[in-house]
Each structure stands twice: as C-alpha cells, then as structure tokens.
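You will see chain A twice below: alongside chain B first, and alongside chain C after that.
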Partner chain A sequence: MKRITIGNALSVPVFAAVAALCIAPLAILFAYSFFSVSFVAIIKDPTFKNYARIAGSSTYRWLIFKAFLSGAGIAAITAIIGYPVAWFIAKRVTIYKSALLTLLLVPLYTGDLVRIFAWRVLLGAEGVLNSLLMWIGLVDKPIDALLFSPLATHIVLAYNYLPFMVIGLWLAFEALDDRLLEAAQDLGAGSRSAFVRVTLPLTMPGLIAGALMVFVMVVGDYLTPQLVGGASGITIISAINDLFGTAFDWPLGSAIAWTMLAILALFFALAAIVISRSTLGKAMAGGEA
Partner chain B sequence: MAFHINRRDLLKTVAAGAALGALSPINRAMAATEVSWMTWENLAKPEYLQAFLDANAGIDIAKTFIGTDDEQFAKLRAGGADSVDLITPGLDKVEYYVESDLLQPIDFDKVTNGKLLYDAFKSSPLGKKDGKTYGIPFYWGINPVVYRADLMDEEPDWSVFFEGDKYKGKLAMRDYALEGIMIAAMYLGIPREEMFVMDDKQLAEIKKALMAQKKLLRTYWNSISDLTNLFASGEVVCAFSWVPPYYDLKARGLDMGMAKPKQGVIGWCDTLAVPAGVEGEKLDAVFKLVNYLLGPDYGKELAVGGPYAQSTSSARDLISDEQKDKIFISDLSIMDSFVWKQNPPRYNEWVALWNEVKAS
Partner chain C sequence: MISRQQNILAYSWIWIVYILMYLPIAVIAIFSFNSSEIIAFPLQGFTTDWYAQALTDGRLLGGLKLTFLVAIPTALFSTILGAMAALALTRYPMRYRFLLLVFVLMPFLIPKVILAVAQLILLADLGIGRSLWTIIAGQTIVILPFTTLVNASVLMRIDNRLEEAAFDLGASHFSAFKRVTLPLMKNGLMASWFIAFVLSSAEYVLTSFLSGREQPLSILVASDFRFNVSPALDSIALMLVLANIALIGFGEFIRRRSQK
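The block that comes next holds the complex of A and B.
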C-alpha cells in the first residue's frame, strides 16, 4: 500500500506540469472561442457566433472535411505499404533488423523542409522524374501535374509519415507469436483464413495506433500542402493561421481549432473502443494474455 | 564509474550558477543602456549599425528578428511589449498597435531627421492619430511583377494574372489577402479612393476575378526565397513578387524583367515605433537610434546593401545615380503612381474571401 502512496505523491508534479503546459492553453483557446472581435479589441461577451459561422460557411466545412479525408486517405495508403514492410522487418530479417529500422527512420532526421524540397527536385517540370520520362520517350513535354497538385501532396505526405505507420505495425508483428499461426494451420486453416482470423486481429492494435498517429499528423500538416500542393494547397490549419495572424480574429480561429479537436477526440474514442475490445487490447489492459 | 551527487556539491554548483547569472546583468547595466529592437534581419546587419555603436559607447542594441508583420503584432499584443523598446511595423499596420494602446508618439525634437521625410510620408495620414506620429516611416519600396524575360514575349501587366492562357500554370501570386485583392481591384479598374472601402458588389466582382486567376496559377507563394527558387527552376515564369529575386537571379545570369503595371503598383513602407512602456534614459537611447536609422550613415548602407530607400532625403546626395535608380528615388514623382497599402475596415471579410477562393 505504501508504495502506491509514494507513487501518487511523485506523480503530482508531473500531473501539474502536464495540466499547466497542455491543458491550460487549450482551456484559454476554448474560452476565446466564445468571444468576438471588433477591429483589435477582443469582446468578452460569450457568444456562439463563431461556431455558427463555421457551421454556416461551406469553405470552413469543406476544409475541415478535406483535412480529415486526407488524414484517412494517407493513413490507408501508409497502412497498405507499411503492412508488408513491417512484417518483413519483424519476421524475415534477423541480422540486419536494427539496420533496416534505422534506415527507415533516416528520412526523419533530415527535417520536413529538406524532404519537401527534395521531392520538388524529383517531381518538378524540369525535375528528375519528368526528365527521365522525356528521355525514355514516354512523354514529349513535362507532366505539370506531378508537382503543385493534390497528387504531389499525397505522395509527399505518404512518404513523410510512412515510418510512423511501420513502427506501430512492427511492434505488433514482433509481439505476434508464430506458434499461433502454426496452430491455425494444424487446425486446418488455409493461409488466407489464418491471416484474416489470426494475424490481422492480433496486429490490429498496431495498425490502429499507427493509423491514428499518421492521421493526426496529416491533419495538422499545412507545410506540405502549401509547398507542393500548388494553388489548391490551402488547409484548415493554414486558414486558422490566417485568422490568428493577418485577420486578427482569434475567437474564430479558436473555434475552428476546437471543432477540429472535438472531431479528433471522437476518432480517438472510437479507436480506443476498438482496441479495448480486441484480444491484444484486453491483454494489455488486463495483464493476462 | 558512478556519478554521485551529494547535497553539498549540488549546493555549490547552484550557488556558482546563481552568482554568474547575477553578475552579468550588473556588468551590462554598468556598461550600456540596452535597446531591444524587433526588426527584419536584413535591416540590422552589423555594418549598418557600426557607426551608431561607435558614436554611442553607452548604448547596446539587442536584436530580435521577425518573420512576418502579423507575428510582431501578435507578440506585442500577447504581452511582449515590456521586453522590447523599438519595433518595425508596416505603415498600414500601425493603426492596429495604436488602437491597442501599445505605442507612444515619436518625439520629433529628439528625432531631428524626421524633418527630412519625403512629402508623400509627411502628408500621409497613415501611422498617425490626432496629429501625433506613432509609426515614423523608415524605409519603403514597391512590390512589382517580376518575370523571366527569356521565357516571356512581352512585358506583363496585371492582366496576365487574370485572362488568356498563354502562361497558364506558369504564374504565381503571393498568398496574402490584402495584396491579392488590391491587385484584382487594380486590374478591374476600381478607383484608388474606393479600393479599401469596396462594397459587396465590388467584392463579388473581385471574387469572380480571383477565381479565374486561381486556374492560371502554378502556386501561391509564401516566402520570397521559395519564389526565387521557383523562378530559377523554371516552374514559374511570372509572379507578383518582391524586388529581391529580380536582382538575385540577374546576378546569377538569368535574364529577368521587372514590370511596374500601368494600372498601379503596390507601394509599401515599414515604420519605426516605440512601445508605450519605454521611458527615461532608455527612451532617449531609443530616439537616438531612430534618428540614426533615418540619417545619412544608415541610409547610405541600406541603399547599397538592401537595396532599399530610406523614408528621408538624408542620404540622397550620397548615393550614386545608378543606385538611386535601383531604389526608385531618381524621380520622386514615381511615388504618386503607387497605391500604398492600407488596412481595409472590412479586412476580416477580405481574408474570408481570399480563403474562399483558395478553397474553391
């Protein structure tokens, strides 16, 4: 009993720091979302006007929807690419495992901007890919849509966030006991059935964790769409940025930010429910396998 | 080897650190009054300020650099005014600071170079309130159209961004509501006196024009170095730009052009402004620095290094004719053709419109 008391006492400062550093700014933002603005004066009479403006504006509704759609899209793409990669690293590689994992993470050390500009060199009208296509003779003038298009945004986003998906999945595959697959085969399951009924459910928590991480990061990424997305590269985050900066409409900016947070929280809640109902989730929470 | 910490050693270290920390401000206070200046990096190069520091041994300048004008306002507005003694807001933004009670008026008895301000700035109502100047014009320039002369057949004007499809997918526009909408207004021929107070019908026309523009654009640009890259790589042949890419790329051997459209050119001016809380000895030092920044030594450096023009005529006779041409001060009547940036009363709606166009 005494140990638990000490643990509680030790966790107080950590809890207080988290509360002060994370929750307080969000609370202030929440309060601001009910204020209004008149030129440079913030008027502190509570109002739902900002939320009504979001609901009434097809632009903001579309941008919010687009953010979550990109998040889900990129999560799906990285899952499809990452799943076999994670399986390969966890189950087929022995000696070079740590080397491969490091290699996977190397792009993350270079910083987003460098990676984005590298992609520009690859995808540009006079870039590597277009030059190659023209040299082979597949096209006679550069494909403009390779850069400054939604296609470019999706390529770069998938590239940037793939490692986060692979790491989540790799952990799940490492925890997967191969004897279970052998048992499934012994009991007459075909490889497809074994995958659907054993492998997939057991790696599902890793998949969900990876997907959530990618999803959240894509929703919050405005630099990539801005720098390679071209004229259609606007995101809800850059709109919030405009509202806080140039328009000095902190209340509306706060309201949009909180709308996004609420929707994200909903996704997290759903994911938490799914994970807690899965076998591995039960094992993690309940301490029994 | 284990690393032991005992109480006595820890206390010694802490005490030593505290002593060091306590000493340094005393040193500084004895040596100099420190003026903290929030500004753009390219305005505070050491060689620009050397003459001032040599002449004023008792004054030190601490620089904080800003990335955007809005960021500067947000910092001051969020309570950062106490830590800074001189700021560099755009002439069109001074109103924001004045209405937020963040500034004090400029004392022209101490800033004697203020007498040499060009008439365009003396007569402008911008930066002033109730007859007092809160943001004193500092330096100015234009934002022209810059283009690859080797890849375009004719000198462009604003219409290239709105009609025809000869350069479709090879144009860029700055991602900035104020200037984007001003340009559309100039293209549509909306008179200057109406430009910043456009009604709903005019704004609807603007939106239509901007929608047409979006289809012609390769991208909207956010940083000038990014735009310079886009010019260099040939992704963009013509853009509403700042002046620097023109000189930078010319110096690297590209055949660049700079157009000042006949429908009007956007003029900009940054000011120097003093936060309300600065007082006493420090305030004197700040005004000394302001006076220097508007004086001949600084103006000469800025005209070559920028190249930008000061808002006063202090250095005008010290600059070569070629350099004068570069910074548009050979014939000052050119200033009459500028449309100076102002803050529109319905700016929130301008920003919303701009975002609607981009999201369409």
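The block that comes next holds the complex of A and C.
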C-alpha cells in the first residue's frame, strides 16, 4: 500500500464529519435564507425578500456594522496589549517560557461562562470593585456604568480573546531572527526605525493571524454582550438567536447568518492573501508550492 | 539596544497583564469563602457553607452527570478524528492537503450561534429529535480544530527516520505505525482527550441549541448566572475552574513528558 493511499484514507472520515456536521448544515441554512415564513409555516418558494429586508433595515445594517466594528476594535486593543507580551515571552525569557505560555492559556480553559460570571462579580453595582472603592472612600455611591454597558462588554471581550492574539504574535516573534535587528543597527538604524522597518513587517503575519482569530471570535460572541452588556447587549448574533427562537423567522435569521458568513469569508480571503505572500507564510506552506 | 528603563517598563507591563488575567479568578476564589450573602467588600469571615450548599444541590449534580455523559464520548470522537487529520496533514502525503486544512479549521472560524442554528435546521429537516447524541455530534466538530492542533504539535516532533528504520527492518506500514508512531503519539492523544473534555464541559452556545430536555451542567449554571450572582454560584464557578485546570495540567504534564 502506498503512503498516499493511507493519507487519503485517513482524511476521508474527517472530510465526511466536517461535511455532515458543518458544511451540510450551512448549505441548508443557505437554502432557508431564500424561503419565507407565513404565520408558523415556512414557505419554500425562493425569494430574495429576506436579503432585501436586511439591506433595507437600518437596524440590521447598524447591528452588522457594529459587530465588525467591535471585532476590529478588540483586535486592535488586544494587539496593543499583547505585542509587548509576545515579544517578552519569545525574546526575554528562557526558562520560564513554557510556564508563561501555559499561564496565558489557563484562563481560557475556565470556560466562557465562568469568566463572564467573574467579571459580573467584579464590576457589578454592588460588586467587588464598587464596594472596594466605597470602602476605601474614593467614591460615595456605586458607579452604575461599570456593568451592563458597552465598556464592560469590551473589557470582557478583550480579556477573553487576548491569549489568542498573544499566541499568534508569539509564533511570529519566535521565527524572527535577532541578527536582522543587529544588522539594522550596524547599518545605523535607530531603535524606532529598526522596529518600523524590520520587526513590525516581519511579525505582521502573526499580527494578522492573531487579529483575524480575535476578530472572528468577537463578531461571533454571543454570551459576553448578553450577560454583561445590559441594554447594549443586542448584537446581530443575538438577533439571529431571537429569530430562531421566540421571533420564529428562520428564513430571515438564515439570511442574516449568511450575510455575516459572506463578509467574514471576505476578510479570511484577504488575510490569507497577505499571509501567503509573506516569508513566514511561505515557510509554513513549505512543501506545497 | 534595550535600555534599563525599557526593561523595567517591559517587566511591569508583563506583570500587570498577567495579574489582570488572573484577577477575576482570584476574586471568585476569595468570595466563595466569604461568609456573607452579598459579594462585596469588606470581607466578613471564612466559611465553606457555599461549597456544602452547591455540592448537595441535586439539580446541579444531575447536570454534572449529563456533562460527563456528553464530554467523555465527545472527547473520544474528537481526539480520534483530530489524530487522523493530524496524521494526514503531517505524516502522509495526500492529494487534498490544503482542502483538509480548510475543512479542519472551518468549525473554529464560523460563529458558534450560526453553526448551531444551521445544525438545528438540519436536525429539524431530517426529523431528528434533540438528545445527548446531537450535543455530542455538534461539540465533536467544534472541538476538532483543537484536537488536530494538539496531535499535530506532537507528530511534528517525531523523527521521520524512526519509521523509515522500521521499514528497512521489514515492517509493514501498519506494524510500523502500531509499533513506532502510535506509542510516540500516545501522550499527545491523552493530552488531546483532556483538552477536548474540558472544552466540551465548558461549551455553552452549541449545547443550549442542541440539547433537548436533558440539560447538562453548563446550561443549568448559565440560567442561574443570568438572574443572580450568589456566593453558592461563586463556589461552583471556582470548582469548575479548579477541575478544568487540574485536567489541563495533567494533560500538559503527559504531553511534556513525551517531548523529553
């Protein structure tokens, strides 16, 4: 038996599982996005009505825009916080490297719910932070705006997804050859110029990979805005959720879902092009080219 | 190149980030032992009542049992599929390598609510009722990217020449795999199982869409979280954190051992 036959045979169940549990459901979702609903029955006559409704509704347009805006914003915030952390783990520590990486990932394994619960305890009106501030006399009455606000949502989102950004950046920093920086210095570059012209371009693939991961997870996050966002917690994802639940309009929900998927796919395609053109991307693709 | 000042700045930044990462966990740990109904400063006194209260709650214990019934098979299936994907991606040449990579990553890149509603429609169209099996199927596919990654990270470190040596000594593909590669993969498989177990038990969105009348722990806890924040819930949260960290730590320990 040839090795390629084994490779193909091994991949068949994986292809089958993803096709059955991911691609087939999304295909049916796509079909539903052209149906319509009348009272409690779904009418299977193809129509573009749902997409027209999304395009014509300023609420849905705003929610979709808000989702991507949040995604981009959190990606930028985590990049700024995570960049020094990734550099530090890759370049400044040796013995503690794996400990620092593990410590970074541990909060991820506590689960979304527990993390959100912890932030509610921390930020609530009668919560830990407010009671601490009042106890030490910094404020007279609790700051209500801490919890159930867009600010709270964004703090928790940044907290949740920072590790993904750091991992992406860390991989890029590990691949960065320090001698290039020495060469830049020998050629007279200052630390700022060396950073802008050597470090930043070479870590760009990691930055893009990290940003993309954070972006897609923030766009798709359902629990965080729901549980700490209060009135601001209505997102396009929660709108999809409602259309499949209480509002019972599966076709419209499907159309919104596919609008989101199409926009996300556009971002993936762009990121894939940028990464594959970089040196790191070429090294990772390796044997394929 | 890097001045002393910048060094101090870097160290303080790292400390701040790591402290903030653990602050929420520390807070729930402290208040789960605080003898007051209200989660607020100043601290009142030490108690383990909240734990006693949580551990004798029959509804939550029932949910915990269901969580195990879902997480054990989910971890097994996603580990087997992930190992197959990792073998095909790293060890065996194959025709559609890039396509396989895209397939494996896809469940990670699609927002979970969207994937969940899509699976819900499929189930409705096929007339399949929601049960523990539908949760297992849905979770297996979203955990697949993680198990593939864990297994691939172990496989990439295994020297190709070991298998070649086995071939030279007359081993067939199957016996070379069974006697050389599989023993070297074993620790990765176990680590992947633990990680998958933890991810499965913590998964909420997919579980809530795909579960029928039997509701695992994450669903019960979520509905409690939504309405109130009590010290008893706090103690549950801390127990979940500790159990997950212990499992992951154990898995990591096993995986590390394989790299020495």
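Everything below uses one rule, namely that the second predicted complex is superposed on the first by the 263 of 289 C-alpha atoms of A that agree within 3 Å, B and C clash if a C-alpha of one lies under 4 Å from a C-alpha of the other, contacts with A are read in each partner's own complex, and residues count from 1 in each chain.
To be clear about the criterion, a contact is a pair of C-beta atoms (placed from the backbone, for glycine too) under 8 Å apart; a residue touches a chain by one contact, two chains touch by 3 or more.
Just so we're clear, the structure is a prediction, and the values are computed from it rather than from any experiment.
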- [ ] Report clash or fit for the pair chain B and chain C bound to chain A in the combined superposed model.
- [x] clash
- [ ] Give one of first, second, both or neither to describe whether A:40 is in contact with chain B, with chain C, with both, or with none.
- [x] first
TODO: Using the touch definition from the top, say if A:101 reaches chain B (first), chain C (second), both or neither.
DONE: neither
Open item on the list: Once chain A of both complexes is superposed, is A:244 in touch with chain B (first), chain C (second), both, or neither?
Closed with: both
Open item on the list: Touch test for A:227: chain B only (first), chain C only (second), both, or neither?
Closed with: both
Open item on the list: Taking the superposition on A as described, I'd like to know which of chain B and chain C A:124 touches: first, second, both or neither.
Closed with: both
Task: First, second, both or neither for A:32, with chain B first and chain C second - done: second
TODO: Would you sort A:112 into first (chain B), second (chain C), both or neither based on which partner it touches?
DONE: second
Open item on the list: Is A:76 touching anything from chain B or chain C once the two structures are fitted on A? First, second, both or neither.
Closed with: neither
Task: chain C versus chain B, contacts on chain A by residue - done: C
Task: Common interface residues of chain A - those touching chain B in one complex and chain C in the other - done: 120, 124, 126-127, 227, 244
Task: In the complex, chain B residues that touch chain A - done: 68, 70-71, 73-74, 77, 96, 99-100, 169, 175-178, 214-215, 217-220, 222, 226, 233-235, 347-348, 351-352, 354-356, 358-359
Task: Complex interface listing, chain C residues touching chain A - done: 1, 10, 13-14, 17-18, 20-25, 27-28, 31, 38-42, 81, 84-85, 87-88, 91-98, 100, 103-104, 106-107, 109-115, 117-122, 125, 137-138, 140-141, 144, 173, 195, 198-199, 201-202, 204-205, 218, 221-222, 225-226, 229, 233-234, 237, 240-241, 244-245, 248, 252, 256
Task: chain B-facing residues of chain A, complex - done: 37, 39-41, 57, 59, 62-63, 120, 124-127, 144, 147-148, 226-227, 229-234, 239, 242-249
Task: List of chain A residues in touch with chain C within their complex - done: 1, 3-4, 6-8, 10-11, 13-15, 17-19, 21-26, 28-29, 32, 81, 84-85, 87-88, 92, 98, 100, 102-104, 106-107, 109-122, 124, 126-128, 130-132, 135, 159, 162, 181, 185, 191, 216, 219-223, 227, 237, 240-241, 244, 250, 253-254, 257, 260-261, 264, 268, 288
